[in-house]
Every structure is written in structure tokens, then in C-alpha cells.
Amino acid sequence: MPSSLTHLDDDGRARMIDVGAKPATRREALARGRMVTTAEVVRLLVADGLPKADALATARIAGIAGAKRTSDLIPLCHPLPIDAVTVDLRPSDGTVVIEARVSTTGRTGVEMEALTAVTVAGLTLHDMVKAVDPGATLTDVQLVEKTGGKHGRWTRDQ
Amino acid sequence: MPSSLTHLDDDGRARMIDVGAKPATRREALARGRMVTTAEVVRLLVADGLPKADALATARIAGIAGAKRTSDLIPLCHPLPIDAVTVDLRPSDGTVVIEARVSTTGRTGVEMEALTAVTVAGLTLHDMVKAVDPGATLTDVQLVEKTGGKHGRWTRDQ
Amino acid sequence: MPSSLTHLDDDGRARMIDVGAKPATRREALARGRMVTTAEVVRLLVADGLPKADALATARIAGIAGAKRTSDLIPLCHPLPIDAVTVDLRPSDGTVVIEARVSTTGRTGVEMEALTAVTVAGLTLHDMVKAVDPGATLTDVQLVEKTGGKHGRWTRDQ
Amino acid sequence: MPSSLTHLDDDGRARMIDVGAKPATRREALARGRMVTTAEVVRLLVADGLPKADALATARIAGIAGAKRTSDLIPLCHPLPIDAVTVDLRPSDGTVVIEARVSTTGRTGVEMEALTAVTVAGLTLHDMVKAVDPGATLTDVQLVEKTGGKHGRWTRDQ
Amino acid sequence: MPSSLTHLDDDGRARMIDVGAKPATRREALARGRMVTTAEVVRLLVADGLPKADALATARIAGIAGAKRTSDLIPLCHPLPIDAVTVDLRPSDGTVVIEARVSTTGRTGVEMEALTAVTVAGLTLHDMVKAVDPGATLTDVQLVEKTGGKHGRWTRDQ
Amino acid sequence: MPSSLTHLDDDGRARMIDVGAKPATRREALARGRMVTTAEVVRLLVADGLPKADALATARIAGIAGAKRTSDLIPLCHPLPIDAVTVDLRPSDGTVVIEARVSTTGRTGVEMEALTAVTVAGLTLHDMVKAVDPGATLTDVQLVEKTGGKHGRWTRDQ
């Protein structure tokens, strides 16, 4: 493990590190998180009685749009030309699993874009359920896998 | 509990609900989450050997700025005149607790602003540590307390 | 009719005019437009075979989010605390009618917010259909009605 | 014509489609629309008596800036490195024709950027004239021509 | 003079200070700066031969739009409902004086909005002249006067 | 020196000029400015008694984030994939020198990004000190050096 954070210089000052010498290559990242609420609230989100209800679509679209705002939200993060974003929401008993996959052809990875997509989708679910479940929790937001770049593939041990 | 989500109309269509009839009153919210990493990474973030290291300040400032972007990120969330934001980061053994308190004098609450501040601060920590700990996890992001508005005070059972 | 544009001073210079002396009152606006494409493309957007297809939801949510970006897009437009936004999409034979209603409690009207919601929803439909119908047209974007403010109610002659 | 919308997956979920396998090539798009108002209002916009009046310049600059916000406004639209934008406004009797030409060296086309430039310029004209003509209409916003990409040149039949 | 910065808490942590107890009152600020270049470049900006040249209008509009982005750019700055913005550009021999006046009905002052309008207008001039004068300088950006709020009127000694 | 501004066409209309024929090469820019206040205020910013005080970090991070917003603030400026940003603040007796270095691999230079980083960092300092020194001045904001591109290296005479 490095003995320091690359985002700080030798004096501890924040900087956007130089990626100019890295090649622009295909990179992907998959991130995941979970919104934990109640079974009844998940039923409202899924809205079985309303075949075209927008709740999950709203979160999915917010997550995709959120991925594009990543470098605007995270101060030391590089702007990247995003090639693709998918946000997958899997409601089950009292929980919605949120998964985002992002890819780029760029000089640095898209881990932060995938994590941002998951959290913005999660916050959007939170917003929709907070009147019925103020105690809902967004949890276990983490990187699952990334590919491309100098270090190649990384996968979370499961 | 309501039998439906207020953000959807009777046909399940997403909408920004009308808060025009609600009074503009003082409202506060406190949210919390945790970045879980390793003890060694927390030592790098705290940077004891670098008294003015910017790592925690970067996350704090990103969280404050993030609170102001809430209605831009979350589609059905109302824009609100934010009165105050504080973001508190408490590093301990392998974990950084993130707490955000937001207040407004507005027609709806600031729960989403506080939760957004926590997640953006958390994502910013993630960005700084991802080269040394790609497995870091942002977890237990939830509302702790809110005051003001028609429903008055709500506190998470602990 | 005034003999000059209020957004220009006596020398013709652009300015954001002073609304500080106007009272903050309830104001509403309804705007409408149409996306003209083919009957087959409208069938794809409605996606009868896919009960939860996101196409119309994507446009609706983009329109709502677009309303909140109005003062960011239009240089001389005042930022306003939006109380409510609804975007209604009515697909029929070869056409999608887009209607947006916005309200505020503010010092100036929300005509531009309603028109922006219609156009951003329309552009989002355009984006989704452009591969199958590059000739789709967004047309007849106009104010239908506004209420509130010094001039009271205005309704388009129909 | 494709039998489905590329922006939706097989289950109808919205996604930002993957353009990573497409080459970054020169692509251009030309879009057009019209603001329909009265001859008197067009005279105010042109401001013959005020040689340096800012009205048309304001719309032109808003349109150029709007082109750069396209992927921020339209959820499933890719961010692109824009090479050039021009916005041309041609006032005539009761109408202002708005034309925007955008080019990129990118992996997908700039149709949406050109259409967004036209609509933001049009909305900005609307904002300036709405006090004197609340009934102004932005109409016939459509793609005129595009070049580059796998499908080569497309031109609207006229 | 206070013995500490109000934007830092007792431990030196950045925060957005609480303005919720302050009344929403009329406040104004006037800021000024100068772009210093050559007499020849000022002639190009003024474009005497081109009666409708957009150079100064572009800077004016960018400054007005910039005022609205202030709380987005400056981390600890409160969002405010801006009532009015004017940006005045006075070209003279080798220099363009930039003056911005902003007003609000809000809980804190608009000094930063006026200063941001001046600097964004100045940067926009810089952008337009940099190919002909890379050495242009934006200088003496400062507050000239503010009124309203607890401390009343402040005027720069001149 | 050119006899006209490249950002205006032959009729004086603003445009974003076409950089599509230029190669994407490494380009750097260094800009500098100074915040002039009092020695006492500089002591508050440096906060010797508070080893982890955030004042300078807040300005540094705002400057870095500001560089990424450049094409959003300046109407005719191209969006660029920024490779690196550093913001260096050097407090001395009554003055803080602000220096920003930005690099890209792009089709046009990053002078405006470096100048924007300096001014946003300067405005952020202004915001923090304005309660104790409303007369603080941001001055001498200028390009120091640029490299890359067709014209190669340019250095300010000193």
C-alpha cells in the first residue's frame, strides 16, 4: 500500500493529480449499495397496482444523470468522457439493491462515477420514501469490480 | 403510514409536489453515515505528520457544497434557501463518522440536503482513499433527527 | 404594448431587472408544446408491450429537473423558489403533447420555468427517438395561461 | 427502422448506451427553429435605434452556452468535447429564425447539442419579449442536417 | 475587528454560518475591477466599425449569469434570491472598467455576487483578447459600496 | 497582432471558434493573482493557533473545482479534459499570492482554466475575510506562462 494519499502533495495540500501521461484506454467500474426500508415501502416503490409508476425510473434516471455530475461534486476528481452508464434497481423484501456500471475511454478510472450513480439513485429513493419511512438507510455503498488501467482488474472478495 | 408515495400522482406519474400552502418556517435536519476503511488509511487521512493536510477539509467542503446542489441532483426535490450547513468528520479506528446538520427557513424540510452533504463528503473520502483501499465502504447513511414543519420533531430510535 | 424591452436599459444594455419592490405572491404558469414524429415512433415511446418502460418517465423527470435549471440557462431570468412542477405527456397518433405547470411564491412569474420544462422534456423525447426518426419536430411551444402578479390572469385565445 | 428505442434495454429500462466501440470522428449537426411573435416585437428585438442593443446577442450567447449544458439537461445524452458552436438569428417580419451549428470530434453525434442551442436561444428570446407578447411561440425546432458517424450525411427533405 | 473568521468554528473547521436569525431585508452591493490591456485591443473590443459587435455584450451577459452561480462557486457562500443585477463596462484608453451592482431581499449581503459578476465579466474579456494580448490583467477587483443589513452602509474610502 | 478578435465573426457575432482541426496535444498554463488585505487578516487566514484550520484549504479546493467549471462560466470557452490542477497559496505580510497551474491533453489551451482557478480561489478568500476586511482587493490576475499548442511557449516579461 502506498505510504501517502496521491491526492495530497508532500506538504499535504490537495491537488488534482496529473493523469496526462496515462493512456486513454477503456475502463469500467461496477458499484453497489442498498436502500434499507420496510417491505411495505418497497411495495409502494414497485407500485404493482400502477403498471407505469415512475418511482424506480426516477431513481434510475437520477443515478445516470448523477454519474455525469461526478467531477462537479467531488473536488479532486477528473472530468471524464463517459461512454456508458446503467443503473439497475432490484427491489426485494424491504430492500432495494442499487447497482451502477459505468465505462469510459479515458486516462483514469470511473470508480467514482459508478459510486456517485449508486448514491444519487439511493438519495432519490430516500427522497421518495422519506414521508413514509424517515428511517430509511442507504448502506454498503462500495466498489464491486473495476477493469482497465495500469492495475487491471480488481474484484471485491465476496 | 400513507398508502401511497406523495411524489407520485394517482396514475403513478412523478411530480414535484406543491409546497406553496405550507408556511416558510425554521427546519433542521441531522444526518449521519460512516466511511469504513482500514486503520492505516484513516491515519493517512488524518495525516498527523502533516499538520495542515487537506484531506478531511476537502471532504468537509465538498459536503457543504454538495448540500447546495441537492435540488439539482434529486429530480423531485424542492430548491430551498439554506441558512446553515456544518459537516463534522470524526475519524477513529478504521472508520470516519460523517455528520451533517443543515437548516433552512423554508416550506419543506432539509432532510435531503443533510443526507446529500453526508454522501458527497463520503464520496470525496472514497475518492481520496481509493488508490490505497479500493474496498472502502460508505455505510449507514441515514437521518438522525429533524425538527420543524407540520410533523415537528422526529428522532431515530437508538 | 410597452415601447421597449424591459430587459434592456435606455442604452440597449442587457440587465436583470429589479423585482425587489414586487411582493412575493403565488404565481402559476401553464405551458404546452408538441413533439411531432410518426405513429410507429409514438408506439415505441409508449411501449405497450413493456409495462414499465421508462421512455415517457425519462422525459417527464427531465422536464421537472429542467424547470429548476431555468435561471441557469436563461441569462436575464431571476432565480425563484419553485413550489411545484408537473409535466404531463399525452401521446396520441404520431404526436406527444407536452404540458408543464409550475408554481412559485415569488416576486416574478414562472412562465419561463414552465416553458423550459416543456422544451427540456421535448428535447429528451427527441434524444430517445432520433435514431428512429431524425426528422422529429418540437413545435408550438407556448404559454397557455398564467395567474398571479400585478397583471393577474392571462389566457391564450383559443 | 429499428423495432425498439436504443435508449431502453430489453426490459424497457433507461440507460446511457455504450458508445465506447465507436471511433472518435468529426461530426456536425445543424438545427433550426423559429420564434413567432409580432412585427412590432421583432422591431424591439432588433432595436434599430440602439445600435449596440444586446437583445439578439443575449439569445446568441445563451444558445452557445446552452449547447455546452446539453448532457447536463438530457438524462441519457453523452457528454461530448464540443469543437465549435455558432448560433445565427435572422429576424424578419414577425419571426426570428434561429439556426445552430455544432461540431465535435467524438464518439456520437451532436444533434442534441444543436437542438439544445436552438431551444435555449429561443427561450431567451421568449424571456425578453414575454412582457410585450406573452403569446410568442417557439416552433418547428428540428434537425436540418447532420454529417459524420456510421450513417454519414442526413438531410431533411425540404 | 473580530478576532477570528466567522466561516471557521472554534476548531478552525469550515462551515456555512447560520443566517436563519437574520431578517430578510433589502441589501445591495457595488463592486468594481479593471481589465488592463492595450489601446489597440480595447478598440477591437469596442469594434467601432461593427455597430452590433458582441464582445462587450458577451462579457456583460456572462457577468450577470455569473452572479447567479456565486453560491455554486464559493463553498461557504449562502444561496440568495437575487432581485437585480447590472454589469456596466466602460472601455477607455487601454482599460475596461467593470462595475457590477447586485441587490437581494435576503438574510445576508450580496457582496460576493457583485464581486463574482465583476470577475466572470473580466475573465470573459480575458478569453476574448487572449489571442491578441496574452498579457492582459484583471486588477483591482474590490467592493465599492454596500447597503442594508445590520451594519448598514459601507463605502470604500477614495 | 491580429486585426480582429477570433471570437467574433466578420459581422461581429460571438461564436465558439472551431478547434476541430487542431491536434489534441499537451498544454499547460500558469496564472497568478494576489489578494491584498491586512497583515492581521492574513494571520487569521493562516490561523497559526489552529493547526488544522480550513481557511486556505477552502480557497485551494474552490480554485481546483472552479477550474473544472470554466467552460460553464465563460460563454465562448471550449470544454476541455483537464489532466491536472494545482492551486498554491502563499500568504505573506498583508497579501496572499495565488498561483494555479492547469494542464490538459486537448485541442486548445488552458489559460482560462488557470485564470478561473486563481479568481475563484481569490473570491473564496474574499468571502472568508469580508466581515473583517470589506476592503480586501483581488489584483494582478494574469497569465504567467503557457506551453504547448501551435504558438509554443509564452512567458510574461518580468
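Letters are used for the chains, namely A, B, C, D, E and F, taken in the order the chains are written, and counting of residues starts over at 1 for each.
The rule is simple: contacts are C-beta pairs under 8 Å (C-beta built on N, C-alpha and C of every residue); 3 or more make two chains touch, one makes a residue touch a chain.
Just so we're clear, the structure is a prediction, and the values are computed from it rather than from any experiment.
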Shared interface partners, meaning chains that touch chain A and chain D = C, F
Chains touching both chain A and chain B | C, F
Top of the farthest list for chain B, CA-centroid basis, is D
For chain C and chain E, let me know how many angstrom lie between their CA-based centres, rounded off.
-> 31
What are the residues of chain A that contact at least two other chains?
-> 13-14, 51-54, 57-58, 60-62, 65, 69, 72, 75-76, 81
Which word fits the touch map of the chains here: line, ring, star, complete or other?
-> other
Which pairs of chains touch one another in this structure?
-> A-B, A-C, A-D, A-F, B-C, B-E, B-F, C-D, C-E, D-E, D-F, E-F
Per the touch rule above, chain B residues touching chain A in the complex are 1-8, 11-14, 33, 40, 44-45, 47, 50-55, 57-58, 61-62, 65-66, 69, 72-77, 111-112, 115-116, 119-120, 122-124, 126-143, 146, 154, 156
Footprint of chain A on chain C - complex, ascending = 51-54, 56-58, 60-62, 65
Given the complex with chain B, which residues does chain C contribute to the contact?
-> 26, 57, 60-61, 64-65, 67-69, 81-88, 103-105
The residues of chain A that touch chain F in their complex are 9, 13-20, 71-72, 75-76, 78-81, 106-107
